[in-house]
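The following pair of complexes shares a single chain, subunit A, combined with subunit B in the former and subunit C in the latter.
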Partner chain A sequence: MKRLRFDRWTGQLPLTRAGSALGSTSMPRPGVSVATISPRCTAVRYQSTLQNTSVWQGNPTTLESDGPYEQYKLYEEDDGTDHERFPPLEELPEKATTLPSPPPERALQSAKLAALHARLSLPERLPLQTLARALVDASADEDARFNNTNLAFVGQSLIHYHVAEWLMCRYPRLPMDIMYAAMRGYAGPATLHQVARSWGIEHAAAPGGEVDPGLLQFSQQRVGDSITAFGYRRTESKAVQKLRWRHGLSSRVVFDDDFGDMIDVEDSRAELMARANTEWGNEYTRALAERAFANCTRAITGALYAHAGREAAASFIKAHILSRTLNMTYLFAFKKPTRELSLLCAREEFEPPVARLLSETGRASRTPVFVVGIFSGKDKLGEGQAANLNSARHQAAMNALKSWYLYSPGEDTRLPSEMLTEGAKPWEPAYIDIGEIISR
Partner chain B sequence: MLPSGVRHKATSARTRRALRIGPHGSFISPDGSPADRATRPTADHIIYNPPASAASVLHTPFKFLPTNDPRRRANLASELFSVSHPASASPLRPSPASAAPTPTSSTTETSQAPPDPTVTSTGISPESFPALGKRNGEPLYKPQHHLTKEDIEEMRRLRTEDPVTNSVLTLAKRFKCSKLFVLMVCQAPRGHKEKIDAQLTATKERWGPRRRAAREERAARLGLLFNGQL
Partner chain C sequence: MTIRALQQVSVGRNGVGSFVLQCKKLDFHYCDFGGSSKGMNGFIKSLLPAFVTANPQVEFSVSPRPSRHPVIIAQYINGREKSVCVRNMQPYEILKKATLLRDSNGEKNKRTVKPVRSINESVRGVWSPYHGNGLRV
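Showing the complex of A and B:
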């Protein structure tokens, strides 16, 4: 394998910085103890530094001379960067490099931030400083006055409210586990991560005060203290995970978060965390990135709500999250579909379902096809085809159940939140199903 | 039904003529003479002849619509007054006479409106299709609910005394109930299940790679079917 040439890489940091870690990535910066800086972090800083160390070593006089580069003494760390060769892109305020995240006043100078603001068609009332704050994850800056924790919590509450309301009115008969899966499909962390990526948000290699405020900043080493789920911590969560204790749906409704997942389950990720310092991405760092991007999406929604109000946030959620396509028919999995359909017909007082062979071809051949329909009285409930009679019957029963569960009053179903607008028509009760057929 | 390439006539020309299939009924003009059947349609009616496709599960069947749904009110009249004439022949194996398209009936039906995919629009009643798992319209097994508490206690005693002689199948035959009912009621004595499991494992170990792979694939296919991935 070819050796990685870090010294040939260009950085995405606007300021060129270099420490004495130029020679090897294992050497720390001056004044920083070995314990506080991880090798990976050093490597990240290192990628934005000199192309050729010999140039720097041969010409150290530029730093001492009071020539045209005297202004660079602004930076409180005189770290030996060749500023003639790598001039900084902007002048940083004092002590910017010691801050964990960029100071708010730098938001007005960031082109990336202004571009993001324009690209998302955000209103003027949402200032760039708030947008910059939405891009700082709790893992980058622990101070809740400067990170996006508060905005993300507001945003996730709004997103979950609107998605759950829409799902309930649009598909009133969904079973609870399918409801959880649909919630995850529309508002889960993986989806919100993709939404943020599609907005063109990029992330900084490592957080810091010198980073462009238009980049998403999160730590690749640790998880920040951000609240993105609401539920109760279970005492038996370890047993549920390791001993496969029952994790039923009724208890999920009470204890777990909006996707039916347990709150705050400590995974044994020590090994992955340790490897995160030396590798260029593993499962753990990907999880951290997904979490940070998802929080960023939530925080921008929350910021919009705080500055522009409820209607702007609702239309933003509709445009960016509810407009996504999720094929609900793929979410279903059954165990005993024929029995479930019999129970449904008994509950709804339909005639008991009967499977009938509608057509067939090639019964004696290698590839037969059977088309089976399930009838209740004169009505056909579902139809399925397969290579043997039993599979076709199961398929038909599953199709019938799906068409029951995926009943929708229509695409333009009214939502309860639409009543909050001025001059809304009187509310007509939405269709609510009486409940699930079988318990899961 | 016939494999292709089999000649039943003396010459190839006669075979080709015998196997010639006429156009679908919807392609024939309703006013055309019988001699016109093989020609193109002359009338300017819309030909509705969609290819066969699986019905979408997003089309809710009429029976599954709630009572206050507007679609139910709109379809109620057609549901109540739909003419369902039982087919003269079995729909699976139509006789040659009924298989020949009858242009007047089929075109007038199809040109009016697209049929509802959930309703048997062919006018054939569901009873004319053979039901699966039934013999002469009756289910293959019908629970009789005839066993009393004493019977069940007797069944349990027998099963506990000698689970080998009084197997599940034997008990089901003796008490005229299903094997599932026996399994629901009785529990084999301790150790019997382990013995059966050991026998099964020994049997499975004798399987060759082909049989084992076939069984595993079958189980995997069933899992895919229930997950909707097949």
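Showing the complex of A and C:
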């Protein structure tokens, strides 16, 4: 059987040479004491990355004996590896393995990070160090100077602002419930998680100072202290969760976060933490991963804002978040559509709605089809088809209501934030609707 | 309370709004001794530097794989991997293979029957037998 040569393998984790660890039985090389070998040897990483190979950068092959290649002396065992041809590619700073996240200066040496920067077409003004920081979740490194909490909060505010503004101008008649659902559909954690995945961001198995800075780092055991929601803590939150107390929309607008959810309460965090710590591969650990990926998307947006300014961040959000597709008609679920439609007609002073059968086929058969239209005077408000008359009428009322609620002034509606650019045309007021038909 | 909201997650389409190259990483493996690696060694020396500079979105790595045929392995954002054995190929042939891997989206090769695939609603609508004047038989 062939001998496996781990030293020739490539990988993300640092591998130590045989006999380099403290307390190993092999003889150290004469002239090099064990104490000097071990800490640095453990810190040298073997990874074949192009930027650093000498083949490729055309580095001079003449080596000075005590120059940059002095470190090769540290390999005690001569196993025939030609260290001039296969140099260790990255030397970790001292104590890197004890740090919770990679030191910022290592960001410049990561090929993954540079590739991510180019893949997202980020401007050069956004340095790799900041991008590396955006990839460190609060659960990996608690120190707010090194994790992405601050950037994520800025990014989150920007994303929510742009999405909310766009929804308000594009669909001015959305009921608040649907508005929350649409907000979550575009900017919720599940969506931002998908966005980060679609950028090709990978995560490290476990966070640490020796990990490649181009990998997303979060802990699968801990919940980080990142702020991902802005709202007020309700005194009655426990009762709302356990006893299902009613919390109406008006109070949700005031107290809760941008998706109309109660902000994280201690209990749910504690439960998340306890269960993620003891179980594996369940909804809790998945929730932690989703949180970390979503925070990373927010942090990259926030970093872009910090370094390249408002316009760059706005076009980034437009390109990566608002360009996604969400079919708004799928967000509606009606309970009593006919009642709501007649109230709408009364409010708008239309004639009361009347359902009329437009066409039908196979009434006596197993599969009948009825097409029903809802008319207000001579205007047809909506049309629906179903296998029985009542369902068809309901369907028609739902379609009429959806076409009312999904009124849009057009695809290229101007947004208030566009006024911030220099030389913008004078603002024409956007359409504001008087509100929902029946609010709760 | 008559309206309730159902939750949906928006769908991203690469190329609408922004384009993200789907090839994440390219590994080039070569052998110093084997004759089948001759072209690969030439490629690494002469053509690879320019190819790398032209493609900053992709992470590159070059590593020896002694006593094996040379191979290019590509990793994609969708988690799949594609590899091409480039034994006995000339440098420019290898460049073509590398470009092919870079431009691929990582999905399995499929036979495309319809020229356009879209999640947008049809502009024309779906034909209905219950509307219009109908067809007299």
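Everything below uses one rule, namely that the second predicted complex is superposed on the first by the 337 of 440 C-alpha atoms of A that agree within 3 Å, B and C clash if a C-alpha of one lies under 4 Å from a C-alpha of the other, contacts with A are read in each partner's own complex, and residues count from 1 in each chain.
The criterion applied here is as follows: contacts are C-beta pairs under 8 Å (C-beta built on N, C-alpha and C of every residue); 3 or more make two chains touch, one makes a residue touch a chain.
This structure is a prediction, so every number in the text was calculated from the model and none was measured.
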Exercise. So, A:Leu326: does it touch subunit B (first), subunit C (second), both, or neither?
Worked result: second
Exercise. Which partner does A:Ser391 contact after superposing on A: first (subunit B), second (subunit C), both, neither?
Worked result: first
For this session: May I ask you to decide whether A:Lys335 touches subunit B, subunit C, both, or neither, giving the answer as first, second, both or neither?
Result: both
Exercise. Once the shared chain is lined up, is A:Ser359 touching subunit B (first), subunit C (second), both, or neither of them?
Worked result: both
Problem set entry | subunit B versus subunit C as contact partner of A:Ala312, first or second or both or neither | neither
Exercise. Which of the two, subunit B or subunit C, is in touch with more residues of subunit A?
Worked result: C
Exercise. Thinking of the overlay built on chain A, is A:Met273 touched by subunit B (first), by subunit C (second), by both, or by neither?
Worked result: neither
For this session: State whether A:Ala115 touches subunit B only (first), subunit C only (second), both chains, or neither.
Result: second
Exercise. Does the superposition put A:Ala164 against subunit B (first), subunit C (second), both, or neither?
Worked result: neither
For this session: Go through subunit A and flag every residue that touches subunit B in one model and subunit C in the other.
Result: 330, 332-335, 337, 358-360, 385
Exercise. Where on subunit A is subunit C touching in the complex?
Worked result: 8, 10, 47-50, 53, 55-56, 86, 111-112, 114-115, 118-121, 175, 177-178, 180-181, 184-186, 188, 190-191, 194-195, 197-200, 214, 318-320, 322-327, 330-337, 339-340, 358-361, 369, 371, 385, 436-438, 440
Problem set entry | subunit A partner contacts - residues on subunit C that touch it in the complex | 1-14, 16-18, 20-22, 24-25, 44-45, 48-49, 52, 56-64, 77, 119-120, 129-131
Problem set entry | Residues of subunit A defined as touching subunit B within the complex | 329-330, 332-335, 337, 350, 354-360, 372-373, 375-386, 389, 391, 393-395, 398-400, 402-404, 406-409, 431
Problem set entry | Complex interface listing, subunit B residues touching subunit A | 54-55, 57-66, 68-69, 84, 91-92, 118-120, 125-126, 129-134, 222, 225-228, 230
